[in-house]
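Order of writing sets the chain letters: A, B, C and D. Residues in each chain are counted from 1.
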Amino acid sequence: MQTLKSKRAASPQSEPQSSLGTRLFATRQLSSDLATPLGPEDMVVQATDDASPTKWHLAHVTWFFETFVLSKFAPGYRVFDERFGFCFNSYYESQGARHPRQKRGLLTRPTVEEVLAYRAHVDGALADLFAGGDGIEPEAARLIEIGINHEQQHQELLLTDILALFAANPLRPAYRQPGPRAVGRAAPRRGPLWLDFPGGVHHVGHDGRGFAWDNEGPRHEALIHPFRLADRLVTNGEWLEFIADGGYRNALLWLADGWATVTREGWDAPCYWENIDGAWLSMTLEGRLAPDPSAPVAHVSYFEADAFARWAGKRLPTEFEWEVAAADLSVAGNDLSTGALRPLPADGDGAADCPRQMFGDVWEWTQSAYLPYPGYRAPEGAIGEYNGKFMVSQQVLRGGSCATPPGHIRPTYRNFFYPHQRWQFTGLRLAADVSP
Amino acid sequence: MQTLKSKRAASPQSEPQSSLGTRLFATRQLSSDLATPLGPEDMVVQATDDASPTKWHLAHVTWFFETFVLSKFAPGYRVFDERFGFCFNSYYESQGARHPRQKRGLLTRPTVEEVLAYRAHVDGALADLFAGGDGIEPEAARLIEIGINHEQQHQELLLTDILALFAANPLRPAYRQPGPRAVGRAAPRRGPLWLDFPGGVHHVGHDGRGFAWDNEGPRHEALIHPFRLADRLVTNGEWLEFIADGGYRNALLWLADGWATVTREGWDAPCYWENIDGAWLSMTLEGRLAPDPSAPVAHVSYFEADAFARWAGKRLPTEFEWEVAAADLSVAGNDLSTGALRPLPADGDGAADCPRQMFGDVWEWTQSAYLPYPGYRAPEGAIGEYNGKFMVSQQVLRGGSCATPPGHIRPTYRNFFYPHQRWQFTGLRLAADVSP
Amino acid sequence: MQTLKSKRAASPQSEPQSSLGTRLFATRQLSSDLATPLGPEDMVVQATDDASPTKWHLAHVTWFFETFVLSKFAPGYRVFDERFGFCFNSYYESQGARHPRQKRGLLTRPTVEEVLAYRAHVDGALADLFAGGDGIEPEAARLIEIGINHEQQHQELLLTDILALFAANPLRPAYRQPGPRAVGRAAPRRGPLWLDFPGGVHHVGHDGRGFAWDNEGPRHEALIHPFRLADRLVTNGEWLEFIADGGYRNALLWLADGWATVTREGWDAPCYWENIDGAWLSMTLEGRLAPDPSAPVAHVSYFEADAFARWAGKRLPTEFEWEVAAADLSVAGNDLSTGALRPLPADGDGAADCPRQMFGDVWEWTQSAYLPYPGYRAPEGAIGEYNGKFMVSQQVLRGGSCATPPGHIRPTYRNFFYPHQRWQFTGLRLAADVSP
Amino acid sequence: MQTLKSKRAASPQSEPQSSLGTRLFATRQLSSDLATPLGPEDMVVQATDDASPTKWHLAHVTWFFETFVLSKFAPGYRVFDERFGFCFNSYYESQGARHPRQKRGLLTRPTVEEVLAYRAHVDGALADLFAGGDGIEPEAARLIEIGINHEQQHQELLLTDILALFAANPLRPAYRQPGPRAVGRAAPRRGPLWLDFPGGVHHVGHDGRGFAWDNEGPRHEALIHPFRLADRLVTNGEWLEFIADGGYRNALLWLADGWATVTREGWDAPCYWENIDGAWLSMTLEGRLAPDPSAPVAHVSYFEADAFARWAGKRLPTEFEWEVAAADLSVAGNDLSTGALRPLPADGDGAADCPRQMFGDVWEWTQSAYLPYPGYRAPEGAIGEYNGKFMVSQQVLRGGSCATPPGHIRPTYRNFFYPHQRWQFTGLRLAADVSP
């Protein structure tokens, strides 16, 4: 498993342009690679209102480079097709009218082939930009860096949206055939180890060295109360106990909105779990498989994570507790680079007194609402619409997942979803108060 | 324009098996041909809950032959894929559980290629059946005939569903590039000619010679009151007058359910019409074009047809009035065989004192509700679910459309849709009472 | 049980004005009487979108007289409150904007007291009109007659809407305390007697002598095929057999729209039936009671009636079959005048070879869609909106119910509801074809 | 205007029982008094899913005393009606099944009269409890105190729910006739004064002396960054500028969820505002009146408050900023005790360098999500369902309103609503960062 922390040292400002270009084209290539196992039919359909088609992801990230980089910084750039702006703008109100989000799956045209031509056209122009003798302007470099990170986010979504699509197909097709599984792995000890952290005023948020999203700053002081954190994620095995104990049937464990969702939707297990003749199976990118009891549970909503924590007599960590615990760790784990495409059991026995599985595997729900940090102001311009306008009614998740591209995650990274959503690789780690 | 009436003379019982086989394989071939202009992306997506993907149509009609013919009459037939029954059953409750209708567009697998292989497999087995020395059993022949007619219905749906899909695409792609249009065709005289028909007891319904759907019989006597029928369909030009006169804004012209639909949906023109800078354009299988004032209006609901008739001081015909007027006509017109793919202006000047445009062009809304004929009983078995269970809340349409395959239509043919639906090629012909 | 047929002989044209006035004020009084058992709270709430509050009924029928009679024919009439038109117009588009139907229950003001004052004001003005020396103008008399019949329709709705309200109350309050029930009444013979009727051309529709709604005419000839009619209504006992035989679980018995409704709504019995510890109870105007096996089943939808008939190997009659069978009968039965407020077992043993329970007890679903008769034209003016604009997607019911005011029903009377509706006293009588 | 702070000194533990009883019966009386202007019709109807009928409020708070106090602490207490638990339980899952929230308006029975009898029965039993020689047990006293505060919350809801009901009535009835308005009051200076507050670690949350809800604690340390707070609430006059400047039409001012709500609901002004012939009128408890430009704006959602703040180049305060600013103030203001029933312009000229309108007038939206405080645990038992289970997706509001009963509010009080809700008296005060 690759340690990615070294990558963080380099910032787009300081790195040579060749490095920026290398990362750009590697990122562009990865998107295409991720689509390789898919047929054109797979790439056009929208599984749910939350998900987007593969083709749309591939085109949208390309539109981003065309609109915010090439049209502004590449002299003489010819827009590939003027109509694509309407088709592939996601939500930038400042960029004009756009195709409705929930109807992205109707866009059978442009075809996959045309979208790939669009990608090639834009990649060519980006290559020209880098090949120019004058170097990349700093503002262009800044936007390219954003474009890289933006495309990485859509790489993760591409995978989770394909999983949603294949899970809705009665044939339950696999994105990839399952490889050999580790055999003989022991189920985890009953219960995690607990790591204590002292309270006090900590600095949280991104310090501005290297790339970060606007919502990770400004870096500021926060008062943390002493807390305790599990050294590993909650497992499928533990979740099966929760189910067996009637966790999905006991209203008193749930937030009111959560209970309403459970009863309305008939939830009785994580998303993609099916009970076949008394045994639970879970739909994965490798098809339908029995959940590994020692692997982290995934595809649970905030409502479920919160109810599980209450059932366990614990709670979820706040986002700052998580960040404090993660601050000094190497940013390494089971991310997309491992190729596992699923959360894996924690390595080792946890005796090292250091939290495991902090990066990769599953995004970890925190009890923190997604809100602006003190002093936060959304940037001016279209890019300013990126994060700030979602700061209500959602919860923060930390740490990345098995579908997060390497180099994309940081200790200060804030992901956010609505409390009912569960089609992402979302899981949880328990926390607890420390009595003074 | 081909006269198709001669085809009606032959019935599956009387025709040589070679003829049945010829029609079967020609029908199978036509379905594939209709899909030729489409890419795999176009063939997988479901435009609306009413529509189905092209791939689904291609597979469903194949499943019909596999399930009702080959599995019963082809010794040793091997089902292509046991899982396809779940995927491609439409609504036959007796055939077990099935994929939900409104989620057909999620079936990216089986792929188009696999569906074509499925078609080839079934076609091969059907060919073997015909090649057998023993001939086709009468019951098998009967079911093959049903299968042919069933596939023809889905050919029409394939085209209307693709139109719905392309109309929802901001690029407004064309199924086919528009050919040269007749130039210099005069707009029709203002108003149709009116043809009078006497009242009396008439025989209506199918007489059992040749193929017909169960809902066309039993043939029976019906009392018709004297009536008057327009010799041609209502035109786009007349519809533009209706719009200009505020037809969509005058509640008193509308049925109560119709007015509720108009206000809820914001209807102000037929389906697929858009007002671009003051001019109406209509989405067609040849892309977005200005409506031809002399061509029949299409894509109007029963609510609109009824309101137009009231505005015009007329009414819609009953299905039996229409059938009496059509009974002695040659079953010929602008159906799929002309290749026009759109309704055409009426030929000639109408002086022949004979209704024109009765077959093809557009399905004609009648004021008759879709109900069983006296003595009707749904057939036993799965095929019995075909027509009878829809006999409530729908209106009868007559005459076929420009998307109806040749040989499929008859004077006794009863099509039926809900009064709000308008994605089919649906139009109208006016009728009036004759004062005694 | 009172025989009401004699009343039909008199028409508003021919009867002395004193008689018209007598009927008018008796009708006005009956509405008030029906509200007597209700408290002000009961009178303001709207149980469902289909139902209206008692207070709204009392005010709306009054608004009808004020708007269509007094404002036009009573010189110097002062409108009680100009704002009531907005509040109490039901659906007359020509009479301007109005309070939305589904929000009638929000009208806590005007209060019940104010509505009663409104009624008194209008009744006073109507009395003045009759007291005037000049007599009532024929057009005014015609509109008063319509107003009487209109108010009678709302009397029936007042009762069914109160039943809907009380059925939704966990206390299951009774509109009236149950009186003593007939004891020792034998359950009906197993199955009805069957009465044969010859086919032929019959006159149907109202002949214009005496009052009728516009939708009952024009009288015209209709061809009836020989048929057979049950001499009594389907009973609760028979319905219990249908339930016990899995009638609500067998998709093949149902129209497709009906089956979709059954599964979506979870229907397993008629409306207002509850299974308490294995026994069925039915909510009635006298509270929750065990259904009488020999009494007619009520509160079934068209979907259920149709499925029952199919289960029984029979069918529903057409509206003209029913009318032919009813044409020569005395218009008498268990209507509102009997005070039973519930359908009653058929009198006698049915040996008289004459259909029983044709009037009163329950409205009988027919297999006829609600459509205009040949030559029908909606009247001009606001009253013209009364019936014609509902002529789509509904089914005709015949014969009146236990909540129909005496004198309101006729052999030609056409009631109509959507096939899913069942809060009225709706039931069924079986019919069958006669093999030639 | 009454200063209420002195009341806070007394806690239920320390105050004599006579004082607890005095407050209890005064509270019980106030509920009845608030219902006095209403007729029985007004008291039964539910205006929206969010609102409840007056009668339901009166009964529910009574059920609370019966269930949690009398049934446990009053020996021999006879439950008034066993069926009322089902009717009047709000959301206590632990107390068993209950009538669905959105159908409370169907409960025309028990009648208002019966509910008043229920109140009298429970009041009598409570009086007996106080009259007993043994004094009130501490646990009973604790629950009575909760019951008092619970009833006070429903007093505020009773008023806001009646406003919602009357606003939906086309007659726009007034709960109370408007009294004389202060004349000659100058519009406020353009813009508020800004008060600076230093940062640092502050104690927030309730200290346990006197009554508080569980969600106000535990008291804990929080790090506050330096901030600036407006000395008064945002006014109607300022809101009219926001409207005039296109605030409701500029997507870039809004949170994404907010903009979706604006477009879906067609919002163009605060709730209850109507534009009549170009002038804004606002529905109030005194009927429809022109908004006072110098009075605080009310009935705005969090989405609107947030958009306004962004438009103004400011932000909303956090709940702790608000609490720090309020900590040392006298808890006095325009609450229910002033009888104004509407937000009033700020007193004085603001020169006192002290925030005005902190208590009463309108609940102030904060940018803080409603979440548990560090160390919070929901209490055991039914009362434990009171606050904790709503801690997701809602925003905190502070300070009380013109409908908040005197004695109910505190600096630590946390109210909470969903960001789209606006039927309460909700407004805002601006805050800003202080540059270091």
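Please note the rule applied: contacts are C-beta pairs under 8 Å (C-beta built on N, C-alpha and C of every residue); 3 or more make two chains touch, one makes a residue touch a chain.
Note that the coordinates shown come from a computational prediction; the quantities given were computed from them, not determined experimentally.
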- Message: Going by average Cα coordinates, which chain is farthest removed from chain D?
- Response: B
- Item | Distance between the centres, which are taken as Cα means, of chain D and chain A, whole angstrom | 38
- State, to the nearest whole Å, the distance from the C-alpha centre of chain C to the C-alpha centre of chain D. 47
- Message: What's the distance between the Cα centroids of chain A and chain C, rounded to whole Å?
- Response: 60
- Chains touch in the following pairs A-B, A-D, B-C, C-D
- Query: Considering the complex alone, what residue numbers of chain C touch chain D?
  - Reply: 39-45, 47, 55, 83, 86-87, 99, 103, 105-113, 165-166, 168-171, 173
- chain A residues within the chain D interface of the complex: 91, 93-94, 201, 220-223, 225, 251-252, 254-259, 302-303, 306, 367-369, 371-372, 374-375, 385, 389-393, 395, 419, 433
